[in-house]
Structure formats: C-alpha cells, structure tokens
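Can you read through this structure? Questions will come right after.
Letters A, B, C and D mark the chains in the order given here, with residues in each chain numbered from 1 onward.
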Amino acid sequence: MAVNTQSDLAETNRLEAFSDGVFAIAITLLVLELHSPELEEGERLWPALLDEWPQFAAYLTSFAILGIMWVNHHSMFRQIQRADRGLMFLNLLLLLWATLLPFPTSLFAEHLKDDSINANVAAAVYSANLTLAAIAFSLIWWYVLRHHLVEHEMTKSQTRRSVMRYSMGTVIYGACIGISFISAQVTLLIVFLLALYYGFEQLRTRD
Amino acid sequence: MAVNTQSDLAETNRLEAFSDGVFAIAITLLVLELHSPELEEGERLWPALLDEWPQFAAYLTSFAILGIMWVNHHSMFRQIQRADRGLMFLNLLLLLWATLLPFPTSLFAEHLKDDSINANVAAAVYSANLTLAAIAFSLIWWYVLRHHLVEHEMTKSQTRRSVMRYSMGTVIYGACIGISFISAQVTLLIVFLLALYYGFEQLRTRD
Amino acid sequence: MAVNTQSDLAETNRLEAFSDGVFAIAITLLVLELHSPELEEGERLWPALLDEWPQFAAYLTSFAILGIMWVNHHSMFRQIQRADRGLMFLNLLLLLWATLLPFPTSLFAEHLKDDSINANVAAAVYSANLTLAAIAFSLIWWYVLRHHLVEHEMTKSQTRRSVMRYSMGTVIYGACIGISFISAQVTLLIVFLLALYYGFEQLRTRD
Amino acid sequence: MAVNTQSDLAETNRLEAFSDGVFAIAITLLVLELHSPELEEGERLWPALLDEWPQFAAYLTSFAILGIMWVNHHSMFRQIQRADRGLMFLNLLLLLWATLLPFPTSLFAEHLKDDSINANVAAAVYSANLTLAAIAFSLIWWYVLRHHLVEHEMTKSQTRRSVMRYSMGTVIYGACIGISFISAQVTLLIVFLLALYYGFEQLRTRD
C-alpha cells in the first residue's frame, strides 16, 4: 500500500492536470461577468466605469482567491503520493465550489451598492461559497492523512498543526458569513486582505 | 500489433489530455448557465434565489455527471494501451455529448417548474443526452475489446461483465427518457442519485 | 540543425499542449451559441426545439470540423521534430481561425433559414473561415518542409503528395464560398459530409 | 540553492502548464465578445458585418497580443530553472492582466467609432491594461534575476540588455495611453503593428 509505483504518480499527475485546468478556466471565466456600462446618449464613459467599481473589486477578489486556491492545491498535492477514488471525489467536491465562484461573484458585484438587506445576503452567499471550499480543503487533507497518502512520515504535532492550518480557513470564512450581515463592503475588503495575507504568509514560511 | 511502443503511449496521453481539457472546460462552463435573479424594486434577494432552485439542482446534477464521466473515462483509458484513429473518433463522439450537456442543463433548469408538458420534454431531452453519452462509452469499450487495445488479457467472463457494466448506463438513462414523461422532477432526482451511486460504487469496488 | 535535442522536443510538446488547449476550448465553447427557445405563453417546447434545427446542424458541423482539425494537427505535429518561432507564429495563425469559428457558426445558425441573400452571405463567411484555416494548415506544412523540421527524410514524390493533400482543403473549402451563393443549406451539408469523409478516409489510410 | 532538482523542474512545469491554460482560454474567450449584427427587417447582412469592423479589429489585435504574450512567457520561462512562491505570485499578477484583456477589448470595440471622448477613454483603458501586463513582465524578470532563478550565468551587459528589453514594452504601451487621447483608432493601429513587429523581431533575433 505504501509503495509509490509509477502508476500512482500518473494518477496524481492526471488529477493535478485536471484540477489545474478547472482552476485556469474558472479564473479566466470571471472576466465574462464584467459588462461594459450601458451609456445613455451623451453620457461619459469614465464616470460610468468608476461607478462600476463593485464589479472590478469583486473580480479582483475572486481572482486572488482562485489564484491562492490553485497555489494551495498545488502545495497540498506535492505532498500527496497516491490518488485513490476517494481522493478523486473529494477533489471534485473542491472543484465544485471553485467552479461555482463566478456566480456569487456576479451576485456580489450586482448588489454590493444596494442599500437593502440584499447586499448582505449577496455577501453571505459569497462567504458561504468560500467556507464550503475551505471545508472541502480540510476534508481532502483529513482523508489524505487518514489513508496515509502523504509522501513522508509526519510527527503527531506536525499532523495536528497541518490540520489546524486547514481548519483555519473554514473558521475565518465562516465568520465572514456573519460579518456579511454587518457590512457587505467590509466583508469584501476582509476577504481580499485575507487572500493577500495568505499569499504573503506562504511566501514567508514555505520556501 | 500488440507491442506497446513509446509512440503509442504518447498517442494515448495526448488523447487523454485533450479529453481532460474538454471535460474540465465543460464542467466549468456550467456556471455560465446560472443567472442572478432579476429583482423588482424592493424585492428580496434571498427568496428570489431560493425560487431559482431548479437552476442549482440542474447545475449540481450536471456537475456530478460530468465529474463521474471524467472519472470513468480515466478508469477506462488506464486499461487502454494504444490509441488508433478509430478510437480517436469514437472518443470525439463521447466528447460531443459531454460538451453538449450545458445546453439541456439550461433547458431543464428553465422548464423544471413548468406545469405543462414542456417540463417533461426538457427532462427527456436531458435524459437523451445522457443516454447518447452512455452509448458512446459502450461503443468505445466494444471497439477497444474488438481491436485488442486493452493492456492485459481478459477472460471471457471478465469481458462479458465489463461489457454488461457499460451497457447498464445506456439502459438506465434510456429508462429515464420514459420516466421524464411521468415527472421531470423525479427524473432529475434519479439522475442525481445515480451519479452519487456510481461514485460510491466505484469507491467500493475499484481500488 | 538536424539533431533532435531534448529542448526541441520540449518546444514541440508545449506548442502541441497549447494548441490542444485552444482546440479543446473552442470545441467546448460552441455550446454557448445554443440558446433555449423563448416560448410564448402556452407554446410547446418540442416544436420550438425542432424549429431551431439550424442551431444544432451548425453546432454539429463545427464540432466535427474542429475535431478533425485537432486530429489533423495531431498527425502533422507527430511528424515535426523541432519547433522554431516561425512555426509558432504560423501555428498561431491557424489557431486564430480555429478560435474564430464559433462566430461564423452562430451567424450561420441565425441566418440559415432566411429567404434573403443573408443566408448565402452567412454561408460564405463560414466557408471563408474554413478556407483560411486550410490555408494556414498548408502554410505550416510548406514551412515545415522548407525548414527541414520533419522527423524523417521524404522522397520528392512523397513531399509533392503531402503538399497536394493539404492544398486540397483550400481548394474544396474555397469552392464552398462559391456554392454558398447557390444554397446555404447545401453548403452546410457539404461541409458536414466533408468532415465525415476526412474522418473515415484517415481511418482507412493512416493507421 | 542553485542545484536544479527534479522537484524544481516539476514546479516550473506546472507553473507553465497553468499559464498556458490561462493564455489558451483567454485567447479563445475573445470570440465571445463578437456579436452577430442585429438586423432590421430587410436589412442586408454584409454591410452590417462590415459596419462591425471595430469588433474584428479589436479581436484581431487582442488575439495577436495574447499570442505574443504567450510566446514571450514561453521564452522567458525556458530560461528559468526554478520557481518559488514569489515567482508564482508575480506570475499570477501577469495572468490577471492577461485574463482581464477581453473586457477592455469589448469596451474598445464598442466605443471605437464614437465621436466623443468615450472612444479615447476606451483606448486609454485598453492601453493601461497592456501597460500593466508589461510591468508584470518586467517585475517577473527583475525578480528572476535578483533571486538567481535563471538557468545560466549572464554577464552584466547581458543582464542590462535583457532588463532594457522588458522595460521597453512598459514605455511603449505607457505612451499609448497618451496617444489614446489624440486618436483611439491610431492607438489600435499602433498596438496591432507593435504586436506584428514583436513577432517578426523575435523571428529574426532569437532562433
């Protein structure tokens, strides 16, 4: 069970290639949610574009999140030596939430400036999508540890720390669901800063 | 004819990579069929989203089906050692039905709540698409066996069982075309449960 | 110049992978040009779908053409041992016409049933796109022969025959531009049959 | 730090594969911004298509730019032997501007024929996107040199020349932002000619 045969590697590679493809497509499809402003006769383009800032803020945030997810997926799978069908299905679960993201992104962009509760609901739906993705990441890691699919031996404390790390995302994005009902715009800012933080934190600790 | 040269492998690999690409794109494009609800002045977002449940149900089902198709394709091609042009064209036939799926998915989502026969027709079109994909899978497997493109010798009973297995999908999805005219919603539920069942069944028997 | 180093191979591989990606995406995007029929109150879905047959015919034809183009690209590049920048740019020219195809496809689908000259113009634009793709294929092959990028020595008659083969497509699709002005529907049928013929002919002669 | 282990190579390969995927998708998505002209009763298709020339000019230009960016990315990464997380994030920055391009492309196409300042603003937004992409290219190269991630030793003058080369794009596209306010159409022409020039210049100097 523990021997790393070439066929196992092929399995992991094809899984990674498929996931890379899905991340690459999802990140590129985000642009289709950006729409040129419809101008009335004599209306200026520049202020109309500025007025669309929620679109661009949501685009940028989702791009950052999918980018980080791809980097994380990458880091995680470098430590995985074998892929079995259970892993394939949990990975599909993660990809489900990744591919869905353009939908709440456009929902968020559309309602970010609403005065009503709709802005909060849109933010909560967006945060829920991120929370579900974080849960899927945790499930994959838990499964991988439980079925000894990692490449190297890990000490108990290393294992605990790695599990903590992945649970973190679930807690933080879960909290964002609550924050959504305080302010949609603050939620977007927090989510964006989190993506930047994760990026830099990884820069610092992992190389 | 039976020697597995490096060029044969390259051929299979490029075929798999192309197919993986198509599956990854088709599964990611599904999200483009999800539309934000258009709200009237003062309308609430949350009930409007809940009201769109057929969209999400159809999205989830098609995602599950394309995911399973990818896993199946993967399992099948791991047993194939050589790709010739006949296999390439039958594979294109399968990809035709896979890439078409977003269309009946959006048709299904749009008409699932109709009271009229239109809901049944949409369900039948959706089921027909799945049946055609199942037939393509069977054709590929039949072609592969007939032209001795599998990696290993199979006993007669193994061959028969593997052919049965792939024919199963055709029969079940074919039956769904009929069930569509009883209830569109039951059809969607059956198709979704089938995808889950296939997922778990493979988890159990194949590793 | 003639030595096949590993770096040359890497170059060809990345070129093929990029092209495969573009073909896979273009073939999958075709589905976005299929639109659910907009029904009036009480209108039946089934006849409305049947009424949309030009959409499906154009979809099927473009799918077949892009599929064949992928197979052809595949066959051609298996014979090429090195990629230089000239080849990369000619390949981009081919990809330009491949990625553009969804546009004339939707134009064709929209106007196929028009009684006016518009149906003929749409068919001519579609045929012109195919002609330009065929010319790009010829240019690639001519460039490859001229710069000795093929894997093996070819006799003069083999060279001539291979050039003829690729020029064929240009002549035939060029003729379709003319036929478009006789009948748009006949043009679509011819183009579809040609794709099938190319498929089968390759089945017969190349394995 | 300088040893080129297999895992470093794997890292670069997956980075390149992901980037190739994103470029391939972005270049193929451009076609979705082309819309069939909506004809009034009895209107001719051919003049309506000709009237849409800004769409096609913008499509062609963006296709050329993304194609050149892919070739450049390719050339750059062939010289890079290791990828660390810093490089991954700078690469994501570049991909951000590459995936965004379809949006200013459609903005440009829509307003190119406007008599008002809107045409200039659209051209400036388009040029700004290109400038940001050029800056990302420069940042990557600067980072790669600073962290000794290149494959081979470079002399000081080689280093200076390579940095100059990449800074060039930033200056030229930056100048296009200014030119946009003189004439949107001239800007499009310059950008297109630049893409051609870069293509041919590379043909000449790099093989």
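For this structure, a couple of remarks:
Definition applied: contacts are C-beta pairs under 8 Å (C-beta built on N, C-alpha and C of every residue); 3 or more make two chains touch, one makes a residue touch a chain.
Note that this is a predicted model, so its numbers are computed, not measured.
Superposition on CA atoms relates chain A and chain B by a rotation of 90 degrees, given as a multiple of 5.
In this assembly, the C-alpha centroid of chain B lies 26 Å from the C-alpha centroid of chain C.
Separation between the centroids of chain B and chain D, computed from CA atoms only, is 36 Å. Residues of chain A in contact with two or more other chains: 17, 21, 25, 29, 32. Taken as a graph of touching chains, this assembly forms a single closed ring in which every chain touches exactly two others. Contact between chains, as defined at the top, is found for A-B, A-D, B-C, C-D.
Residues 16-17, 20-21, 23-25, 27-32, 34, 36, 39, 42, 44-46, 49, 59-60, 63, 67, 70-71, 74, 78, 199, 202-203, 206-207 of chain D touch chain C in their complex.
The part of chain B that touches chain C in the complex is made up of residues 7, 14, 17-18, 21-22, 25-26, 29, 32, 84-86, 88-89, 92, 95-96, 99-103, 106-107, 110-111, 116-118, 121-122, 125.
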